[in-house]
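Pasting the structures in now, so scroll down.
Two complexes come next, and they have one chain in common, subunit A, joined by subunit B in the first and subunit C in the second.
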Partner chain A sequence: MRYAFLDEEAKKEIRRSILKAIAIPGYIVGFASRELPVARGWGTGGLQVTLAIINEEDTLKVIDQGCDGSVNAVNIRNFIKSVTKVNTTTKTLDASIIQTRHRVPEIDLQEGQTLVYQVPMPDILETVEPNISKAKLLHANADYSKLWVLLYEDTSMYGDSRISNRYPVMVNDRYAMDPSPIPKYDTPKLNDCKALQLFGAGREKKIYAIPPYTKVEPLKFEDREFKVENFDGKACARCGSVHSFLDEVYDDEGKATYYCNDTDYCDTQKEKQGNN
Partner chain B sequence: MAYYAIKGGEEAIKNSLDFYGDITKESEKLDDKDLIEGLTYSIDRVISEGSLYTKKLAAQAIKRSAGDLLNASFFLRAHRSSCQRIGIAKTVDINDMRLTRRISSAFKDIEGGQLLGPSNDYEIKLLVDLENIETNIEEYSTKDNIIKSAMSPLREDNLIKILPKEDKPWDITRSYPTEPYPRSAVLQVMARAETGSLLCVGYTTMRGYGDIHPTIGDLRIGELDIEFTHPFTKNEVKVGSIEATAVECVGTFNQDEDGDTKLTTGFGFCFGKNETKAISMSMIDLSLYNTHYSVGGEHIIAADFDMIMHHLDGIESFGMTNHFKLPHYVTFQTDYQIFKSAQKYTDDKKEEEKGLAK
Partner chain C sequence: MNTVDIEKLNRDNFKSMMNALSMPGKIEKIQPLFESNLLAIANTLLYSEVSFYYEGNEEFNLIEAITNSQNDQADNADYIFCDELNEYLFNKGKVGTSKDPEYSSTFVFKCKDFNGLEVKLTGPGIDGSKKVNLPIDKSFVEFFNEKNSYYPLGNEVFFLSQEGEITAISRTTKMEVL
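Here is the complex of A and B:
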């Protein structure tokens, strides 16, 4: 088996697409997208990005829905490890590459780190313009009026946008971008981030990027505040955190308890308290 | 404790695979040769959708997925990504095919005649055996049967609209095009498309969503030699042969750009014996490139390039559909919060209106 599974031509092509994506923040770059032994829609875009950039000195972390131990994360981590022999970690700060599905880690990312997102739908315009050719033209003209109309209609009907996750963001004042299905809670973390953020969509064959220290703002009317998920009055039942995205878990009696969604963050908090 | 339910993925995967292995282990006992020769149409479907011509690996893939053919194609596609490309073979010409079957619905009398070959088109599909039916195998020649397409005379007489030839065919496995999609790329997408998807879209051209009136001009199944330029001697050498299906269908006529009245054709080609797939492909090809020849409207599903390029791949649609099995509780949690605040907003508004009405 070749190092990092993909053949050298594929890795070269993906790296070139990544470089182009970094050079034009938020712009969607096409690539051929190889088939992997993991199904389409299960993270093949993120995987191809990771496999193209990873080397022996990297330390890899893979999370799915905030957790290192969930089946998809385990599966992807084991696959990458088996074809690269890199060290893996669950600690956000120890990782040089973090591949993620649906979450940005709670702990602030650092310079030199790369966050690789698995992206199901790369083009934020897809909801309002399913025709790819027309959407490309809209991006070229920075014409996001359809998104604004959607936002306006929702706001007038429901007081706010109905979009809960993959909330549209404006990157570097130029491209409207799909931030992958992260909750609104994570959207502000994209802005001015110290780490490089790479987005890979395998089925849709697209790569895009946010370089470190780039301005990323949610699409929002000037007189409306951007509201994220609210966990006021709730705390993690395990580590006591009141500053993290919480999962609602119901016990057999139907009583809700809250736990940190980011399991590494929760473990770190516990360690700090010294009673782990 | 519920919190830990999500962890322990390592063990859960192992157990799940053990269970899967348990219910599929009988398939491992099957012999590759029996599959290749016995389930030949399954093998052909898998090499076609998996876009890798290897009957041996297809047999293994079918065993690994215990007969789930889409899953088996997925194994082949994944394997394909780990193969280094050493070069590109010479373009094959379907007129050079050593035929095992070749029919035309457009012409009664064609050069070389109608060659039914292996087909169960006319079998009475009953699972119980009908008695008193004798089968006599007709004597047949083992000589190579190479006959050019039944459409060739019409083409030679300049009666058929010919689409511009591309200098170099596109390769969708190396770069995926955006609009305008080159025809070579569109045909490749269809050649490796999922049979059912292709059939479904092809079917739309016949009922309700366009009417292209296709007639099968030439349907052929046979073997084609694959030639390759030897890297050292620079000679053309035969590196093997493939079994393939090719279809040329004929549509209706209209005036071309020069004002000449021409017939239109569509082309379908895929690995193995896959008649339904190749026919569907030829109809979609016809529909895409000859919208104004269609009797029905021009804005039909099978004439929409984006629709064809992005929705026919079985491996992709299968993967995406199955990804819904993955947890989505983060997105659902946030959906739920948004829903609750929207509900509160509309309820408050209703209350407010009631207050005003009083």
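Here is the complex of A and C:
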């Protein structure tokens, strides 16, 4: 088996797209998405980005909705380990590459780390301009008026935007970008992040990136505050955290209990409590 | 017989280049191929669908044969390699189009070391600002800022030292002479 599954020519092509994506933060670069032993739409974009950048010194973490133990994460982690023999971890701080689906880790990322997102819909303009070539022209002209109109309609009718996740962001004051379906809670973490962020959409054959220390702002009217999910008065039933994104879990009686969505963060909090 | 795992070299050297470009001014290490740092970089970047232009004295035919890349004119090449800083070449490189800014040249200039003009870098990849020495002169700074003033059109530039160190400035990087 070839190291990291993909042939060298494929890796070079993906690497070229990654370098161009880093050079033009938020801009969508096309690439020839390869067939993998995973169906398209199940994280093949993130997987190809990870396989193109990984080497023997890396330590890999894979999360799906904040959890290292879900089926998608386990299978992707096992696959990458089987073709690279890299060390894997569930600790955010120990990982050099973190592949993620729909969450940014709760623990702050550091310089030298790379966060690889699995992206289903790479173009934020898709909802307002379904014609891809027209959308490309809008990006070229930095014409995001249709996004602003969408925001205005929501704001005028409902008082705020109705977008619950994959909230549009402006990268480096130039490109409107889809941050993948992360909750609004995670959107501010994209700004000035110390880690390199790479986004791969396998089905849509697109790669884009945010270098470390890059300005990323949610698209918002000046007189409207960007509001994130509210967990006031709620705490994780396992670690007691009141500063994390919480999952709502219902028991058979219909009673809601809350748990940290990020399992590593929850474990870390538990360890700290055990040490005290 | 000594054997070399070219693919391992490529992934290690790509990692260094990715880290260098994502944090302009940061210095990373390159491992040589055929006792050449430039050929190692060329072998990492080139493949059959990209073109290059080279001005210098290294055995580039070898890399051309291994990678099956296309030798092209300087004004059309995807990658431009040169044994020294060359402003004339830098001016010739394509900058992409508004719709496809990635169809632009990436430069790799060899240099003795990074000692040279002290500049202040700002922009994505830099925590606030960073003072670095680069093997360039004032006129290159002017050319660079001018060529990248029509962002997203522009070029990325890598500097490769004799000691096998690499550093980069991106088209988003603003340079100010100190």
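Note that the second predicted complex is superposed on the first by the 274 of 276 C-alpha atoms of A that agree within 3 Å, B and C clash if a C-alpha of one lies under 4 Å from a C-alpha of the other, contacts with A are read in each partner's own complex, and residues count from 1 in each chain.
Following the convention adopted for this analysis, contacts are C-beta pairs under 8 Å (C-beta built on N, C-alpha and C of every residue); 3 or more make two chains touch, one makes a residue touch a chain.
Predicted model only: the values in this text are computed from it and were never measured.
Contacts of A:E9 after superposition on the shared chain: both subunit B and subunit C are touched.
In the superposition on chain A, A:V242 contacts neither subunit B nor subunit C. Looking at the shared chain after the overlay, A:A256 reaches neither subunit B nor subunit C. Once chain A of one complex is fitted onto chain A of the other, the partner contacts of A:E229 are limited to subunit B, with no touch recorded for subunit C.
In the superposed pair of complexes, A:T44 makes contact with subunit B only, with no contact to subunit C.
Taking subunit A as the reference, the larger set of touched residues comes from B, when subunit B and subunit C are compared.
In the superposition on chain A, A:V149 makes contact with neither subunit B nor subunit C.
Once chain A of one complex is fitted onto chain A of the other, the partner contacts of A:N141 are limited to subunit C, with no touch recorded for subunit B. Once the two complexes are overlaid on the shared chain, A:R34 sits against subunit B while remaining clear of subunit C.
In the superposition on chain A, contact of A:R174 is made with subunit C only, not with subunit B.
With the contact threshold set out at the top, residues 2, 8-9, 13, 136 of subunit A are in contact with subunit B in one structure and with subunit C in the other. On the side of subunit B, the complex with subunit A involves touching residues 2-3, 6-10, 12-13, 74-75, 77-78, 80-85, 172-176, 178-179, 306, 310, 315-323, 326-331, 333-335, 337-338, 341-342, 345-346. Residues 7-8, 10-12, 14-15, 17-19, 21-23, 44-50, 97-99, 101-102, 106, 124-128, 151-152, 154, 156, 170-172 of subunit C are the ones touching subunit A in the complex. Remark: subunit A residues 1-2, 5-10, 13, 30-42, 44, 64-67, 69-75, 101-103, 120, 130-133, 136, 157-160, 162-165, 181-185, 203-205, 229-230, 237-238, 245, 247-251, 257, 259, 261, 263 touch subunit B in the complex. Partner subunit C is touched in their complex by these residues of subunit A: 2-4, 8-9, 11-13, 15-25, 27, 29, 52-56, 111-112, 136-137, 139-141, 172, 174-175, 194, 196, 209-215.
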